[in-house]
Amino acid sequence: MSATPDTWRKPPFIANPVIRWAVYLGALGYFLWVGATMPIDWNRVADGIGRAGRIFGGAFPPSFERSGLLIDGFLESLKIAILATTGGVLLSIPIAFMAARNVAPMPIYYLGRFVIIVARSFHPVIVAIIFVKAVGFGPFAGVLTLVVYSVGFVAKMLAERIEEIDFGQVEAMRAAGAPFFSTIFYAVFPQIMPRQIGLTIYQLDSNLRASAVVGIVGAGGIGATLANAFGRYDYDFALAITIVIVGVILISEGISGQIRKRIG
Amino acid sequence: MTSISEQFGREDWSRFSSRQKWQRFAIFAICALAIAWSITSIEVVWAWVWDAPGQMGDLFERMYPPDTTNIASILRVLWQTVNIATFATAFAVLMSLPVAYLAAQNTTPNRATLWLGRLILVTSRSVNTIIWALLFVAIFGPGVVAGIVAIMFRSIGFVGKLLGEAIEEIDKRPVEALEATGASRFKVIAYAIVPQVMPTFWAVAILRWDINLRESTVLGLVGAGGIGIILQGAIDTFNWPEAATVLLAILALVILGEVISAFLRRRIL
Amino acid sequence: MLKITDLVKRYGSGDPVLKNLDLTIEGESVVSIIGSSGAGKSTLLRCINRLVEPTSGSIELNGTELTSLRGRQLRAARRKIGMVFQGFNLVDRLTVMENVQSGRLGYLSTWAAIMRRYPKEDIRRAFELMERVGIAHYANTRADQLSGGERQRVGVVRALMQNPEILLADEPTASLDPKTSEQIMGLLRDLAGELKLPVLINIHNVAEAKEYTDRIVGMRYGRIIFDDAPARLDQDAMDRIYSGSPHADRSGDLRQAS
């Protein structure tokens, strides 16, 4: 009988030692090398702590003097969000069908997927800059930006839902001789509606957050007010704006969570 | 013998009851009103709206063909953008561990720490990365530090919330068992809680890295480092072909990032 | 030796779940506790290692009073009490070896625990015990890949790794099929003899209790109403322990009190 072993090591996560050490050394090397060569002005950073103190001092207490401006900006953001969600969701429905493997023929499927990928890859701020240059400053650019943003998310989620539907229901309609659109309305829409509604509400919330930000590059909404405040060193106004933004986000998150729970 | 139609025939049917119809109508009316209000009161120069497709087309014409003369420096700065995202995500993920611990009902020491943890997470999540960037550019000046700290501050909330939820959802039974063996609190966490939370931890870290890759492309637009600076420069000088190159580079980066995160997710989980 | 005196456990202001219990367990015996659901078996067991806080009374293990301990002293006391659970309570994602070594966490330094650098004697003892119960070949396997019976064996080894002075088993076989159930009960009985360990087992299956234990304690609604050798557990005693309902007991108590 062999002696009882008295050593034990846990089997490592990456079994192959060559790969394991390559990963460890690679990660370590990356962080050390990049960390050392990053263009950081340490003096400026040290200064920063002092500046931070002054900024926070200037920011308290938050100033709601120009609340008219604040409210205007917020309302504009709200309108942008509403219109963008409407347009984005309406546009997402056909695009989602185009991007669903079980519904669309191959070339259309690739086109649909491509549109979604492009819509998702660019940060809304970048998209906003382009639209501002194309259609001018103001909320219209913001609406277009967030329509693209919405399509990127809603169409993708909807396409996934369409790919998961029970095809038997479509079969049954076809077997009964229903025309194409009737089939869609009777067999497909009822299956995707709950998800669609949930996505719409989620996207409205998401657009409200994003609309606060696209204003920074001139696409309308409270972001513009905020960027101005920072530019003019009006930190107390900036804090007031930020508090309002955070408050609105929390409220809308709460409301949308409640609604989605009710209908879910 | 009466026929079926005589016995059971009815000519009225509706899917929704009267009350439901009113509810659906009310919801529809509210949405329509909201949309109508938005359209009518938004400050839009409608002349420009009709002009928009033409303008967009004009813009795309100017972007074509993309100008690749500066591709070397574009790629260099793109690499810096990746580094900003990676470093910031790594730091944020580490820092979110104690916060998630505090924000989970089953691990937090007392109500005050629970409240503190949740406050940190909510503040962090609700302020957009760009807004954090504005703040940190004011504090640390333009440069990558502002960008890294901005992404860190936003990511802690995202990661911490999901981790906190994962901690609250663990199977409590091994925790009970290890407490019964007389192990200290720390060791109970290390053996009973951490292994259960690990898969979520990696999934969330990879997801946030993917999102941060996108976020870090725009930091430069407010001066916080990364490729946004080059993009802003190209746009300000109306150098549309170069802007097009930058945009394509960003597209390639984001797609590559998604491929890598999908790969990592499959391997680790 | 475990000596429980006048133990009371009350939740809120309702009727106590444990009513002035007295129980003494000498070393080296295997004692089973039987009774219908709600009789307080689980509560009794969990009061011993303070997973449940007793309301009043005394629990003494080999001279140490357990009810007044807290913090480090409580942890030190718990190290001496091993527990086996109905749901096995293993850490599913960890290997069997780690699960087994987690019984030693009270004795291990934090660094060694995190780095999984277990002392040689602990590893040797783990392999010996795993060999004894038949799971040594699973040392590197994740706990969630084992069958129910195998997982409970891991639980038993984990408890034994503590070198406990007493072993508590809370319905250890309730989640197992009859054959595996008998294997585990046999294992507990044999180990009690080999390691000279007192064992206290909560159990539903009276037949197994009679076969595998030396002494049967019957509880009914918070009180011990039978405490004798298995042979003496006749139909009459069984009726007293199991028949009736908590509601009837409650109204019976009220009538008695008034």
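We just call them A, B and C in the order they show up, numbering each chain from 1.
The rule we apply is simple: contacts are C-beta pairs under 8 Å (C-beta built on N, C-alpha and C of every residue); 3 or more make two chains touch, one makes a residue touch a chain.
Note that this is a predicted model, so its numbers are computed, not measured.
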What graph shape do the protein chains here make by touch: line, ring, star, complete or other?
-> complete
Could you tell me which chain's Cα centre is nearest to the average position of every protein Cα atom shown?
-> B
Chain pair with the higher count of C-beta pairs in contact (B-C, A-B) = A-B
Report, in whole Å, the distance between the mean C-alpha point of chain A and the mean C-alpha point of chain C.
-> 52
Distance-wise, how many Å sit between the C-alpha centres of chain A and chain B, to the nearest whole number?
-> 5
Just how far, in Å, is the C-alpha centre of chain C from the one of chain B?
-> 48
Provide the list of chain C residues touching at least two other chains, using ranges where the numbers run on.
-> 98
Where on chain A is chain B touching in the complex?
-> 30-31, 34-35, 38-41, 44-45, 47-48, 51-52, 55, 76, 78-80, 82-83, 86, 117-118, 120-123, 125-126, 129-130, 133-136, 138-140, 143-144, 209-210, 212-213, 216-217, 220, 226-227, 230, 235, 242, 245-246, 249-250
Chain C residues within the chain A interface of the complex | 95, 97-98, 116, 118, 120-121, 123-124, 126-128, 131, 139-140
Partner chain C, residues of chain A touching it in the complex = 4-11
The residues of chain B that touch chain C in their complex are 171, 173-174, 176-184, 186-188, 190-192, 195-196, 198
Listed in rising order, the residues of chain B that touch chain A in the complex are 34-35, 37-39, 41-45, 48-49, 51-52, 55-56, 58-59, 80, 83, 86-87, 90, 122-123, 126-128, 130-131, 134-135, 138-141, 143-145, 214-215, 217-218, 221-222, 228, 231-232, 235, 247, 250-251, 254-255
